[in-house]
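This report concerns only the one structure given below.
Each chain carries a letter (A, B, C and D) given by its place in the written order, and its residues are counted from 1.
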């Protein structure tokens, strides 16, 4: 598997909301081989604090030249990244992880929550190319309208109209994405591709299990290396022991994971 | 003694050479009470690395509103500072230290080497105001013409033409500032105000001692706090023990210090 | 913020010493407190711990004494201080009316020195507590630090305790295999509280000059870099002893303090952070008051030792 | 750069093990080396130390296992590994032809486990050295770490040494009062070299959830934060023993390596820095070659222990 460590140039920084940022990076090496669901590890500054790289899903590629990440400012690393300038260089490792396995033979449903929506755009684009006859359904959830608007628009540009749910009801369904899923006609043979907060993924997993649907989830864990060396990024698996989110994942078949329902 | 910790806004950043930078800060509190030879402690970034503030001489004040620092990029802290942007805020402590004691009754000679020139501009301006009849002599040394040109120009703007020495002979005397001093007519009653590398200050001290001239030197030491708390910033004094550069100095009467001549 | 600060119950007790809040300043990082008056309303702090005092004045180590490291600093001040007599005649005078409990940090090279200095301070007005720095090398025992040998630590504690009328806090060295062993020893020796950690022993080298960066070669590591070690030791010691534990090491903010209190600390000391932000201590008090109000706690004491284990 | 690298003499020896340069990778931070092939020309390194191996496979600790701290990280991997049999049948096979000396890090809960694993590895091809991690708790002695008690450390060393045909490096824990005592004990036990330091024990708490940030509660602190402690211990140990010392702890660059070698290290290991910059080890080799050329040294060995004292 090819991986690169590169100084990539920032060609564009967009603030989608006050704390959601999209950065476009110039990196033919990564953009040309990346698959939806894969991620990159980025150094957020030149100093020793924060020390470790931060993982971000590849949320788009274009022309095998650029790729994008989409993130929320939640702490020091993301805040530093948000303050970088166009023209500056970022050190990026990638593409990392396995990515989603696209199944053209089933009805496909992309389910994203919050920043978990990031990789789904790339996935949708690739699906439309690989399975042109079966465009995926898209279900997106977030806290409020503000967080969702520009992302919904991105899917609309691909010709996909997203079903939406917000915690405060300011856009779409007032409640959870699983409520939305229940009301969709998904047929008997459906695969969900899910990325979002853990409780949401657990809920979608249960929903799919009940109906015998396929369900792929992209797991977030603390990661130090992103390449199988630190053994930090574990998720409990049903066969016993742990899988490593950076190499065995981040995308797992939901059935293979242990879901602690709290 | 009044001291402030302030968020000061950067109103201007100038690159005088590739690695000499001048930053103008908006701080009426500090600018209105600062005396030549005093310094400020500046946080060079928001992170924990570098952890400590960095000391910089106040190299100018204007209109009791702004003050300037002038520095060379030598490490991580100064490099971060050099990359700040106009409009951003810096956390500044100051003004700190004692400052030069201006003696209008003697012939005055300002001797600066490298970035040690920074505080002398402020000193020159104040002397011209306090002792209008006895403009100081100015002797400046640096590695080469490039480092010196714009500083010489600053003194020229005050009507002071500086005598210069450079290591490579590219401007003024090819050699040391002490060579220049020897060839000046300093009379019998002269005070030197010196800031620069330690060996230069030691040489000027010896020169002055031989001739019974006054000599004030501004000492650089490692400083953690700048306000007398850490006891890190010591210089050996002739009466035994140590003086603290941040509170007893940074300006000392050269005769009170132990000069290890290596 | 103002009303929160006055209404939130931040009081804690260290033995018989009642503090209005758990925020102290660490010895050697706050001078003799007056240095911080331009920045801090001293009366808002729980207590101030002043620079370590010995029997005789000490000039300290030659320069360089401090050097920055990654997220921390090394110091080898060498315990520069004016000696106990000038401390009493000059520094204590200037501390009169300071309106914040003053804790005096003491040190010695022999058991007798510790005892003597405690005696000398016993009848001085305005001292609310004694903090015993046992990280110093015992000159009689070939330089082994008092703080690394349980029975030596206990003996120093007992000697100081005997001679003191105010609460005695013993400050533990982290440079030991099992800090709980030392903590238990000083508890048995009669300590009213323990504070930890003092600095980790470290070193820095300038590869260009091939010389140590400190004239003393080795020094004490402090700052955010050591916080995880301090927090672990506070957690361990809080479980091992029943006297109050004062957490020290890398604390910068109210959030850091909450972590130490959850781990079992009754109070904390802010050290190196005072250099970075001289208002750190007062801002931490404000932050704690804000937290108590926001979380609707009856008192900050509710969180002491409140760590929830997995 | 190319010609400098080939011409500069960077060779060092660890007992009978001759390395082309002093740069190794630290156990647990470089996987089984192949993970780094996309980034590093492995044959350019002095040696690679692979993840610690026990007799039986271990699943390791539950998540979260890692958390970042100021200029460092805490890990509580819990020594997850495939066990010695699968290590031999799978990992060693994949390491065939790797063209860089492979050092295997081993661990156990009892003296017998250490002995057994050393025996099992003794006749496996392609192993250039054994590194013994003695920071593990001795289950028979109530969980006290082997590495904190001199005679236990010596006994483990002797057991492994007896059963091994390759050089044995003993990796020391920094969580002790006097690391030179342990170093001397393992030297007497027959160690061919010592490596230090392993991680400092630390802890992190999330004040919002009031829970430890690691499921294991405590973990090992590594990264630049601990470099001053590592450097100090290497300096002390290098003076106390006559076997080679391998410096570990917070090393990121060739400059850091020079500092450790000046302090007395014959070789070094790069750990956490591999996560930040997977090319760190190879870049450090290049940096050292550049230094030797620039300083016109006959060999990098000239700087070992070359610290100039004040």
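As a convention for this text, a contact is a pair of C-beta atoms (placed from the backbone, for glycine too) under 8 Å apart; a residue touches a chain by one contact, two chains touch by 3 or more.
In this text, all values refer to a predicted model and were calculated from it rather than measured experimentally.
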**Chain labels contacting subunit A and also subunit B** = C, D
**Fill in**
In contact with subunit B and subunit C alike are the chains A, D
**Item:** From subunit A, the most remote chain by mean C-alpha position
**Value:** B
**Asked** Using the average of all C-alpha atoms in each chain as its centre, how far is it in Å between subunit A and subunit D?
**Response** 36
**Asked** Centre to centre, by mean C-alpha position, how many angstrom separate subunit B and subunit D?
**Response** 47
**Message:** At least two partner chains per residue is the criterion; list those residues in subunit A.
**Reply:** 48-50
**Complete:** Residue numbers in subunit C touching two or more further chains are 62, 70-72, 223-224
**Message:** Building nodes from the protein chains and edges from chain pairs that touch, which of line, ring, star, complete or other describes the result?
**Reply:** complete
**Fill in**
In the complex, the residues of subunit A that touch subunit C are 48-49
**Asked** Okay, in this complex, where on subunit D does subunit A touch?
**Response** 28-31, 35-36, 38-39, 51, 59-60, 62-68, 70-73, 75, 77, 80, 223-224, 252, 272, 274-279
**Message:** Give the list of subunit D residues in touch with subunit C in this complex.
**Reply:** 62, 69-72, 74, 148, 175-178, 200-205, 207, 209-212, 215, 217-218, 221, 223-229, 231-232, 235, 250, 255, 258-259, 262-263, 303, 306-310
**Fill in**
The residues of subunit C that touch subunit A in their complex are 70-71, 224
**Complete:** Residue set of subunit B touching subunit A in the complex reads 45, 47-50, 76
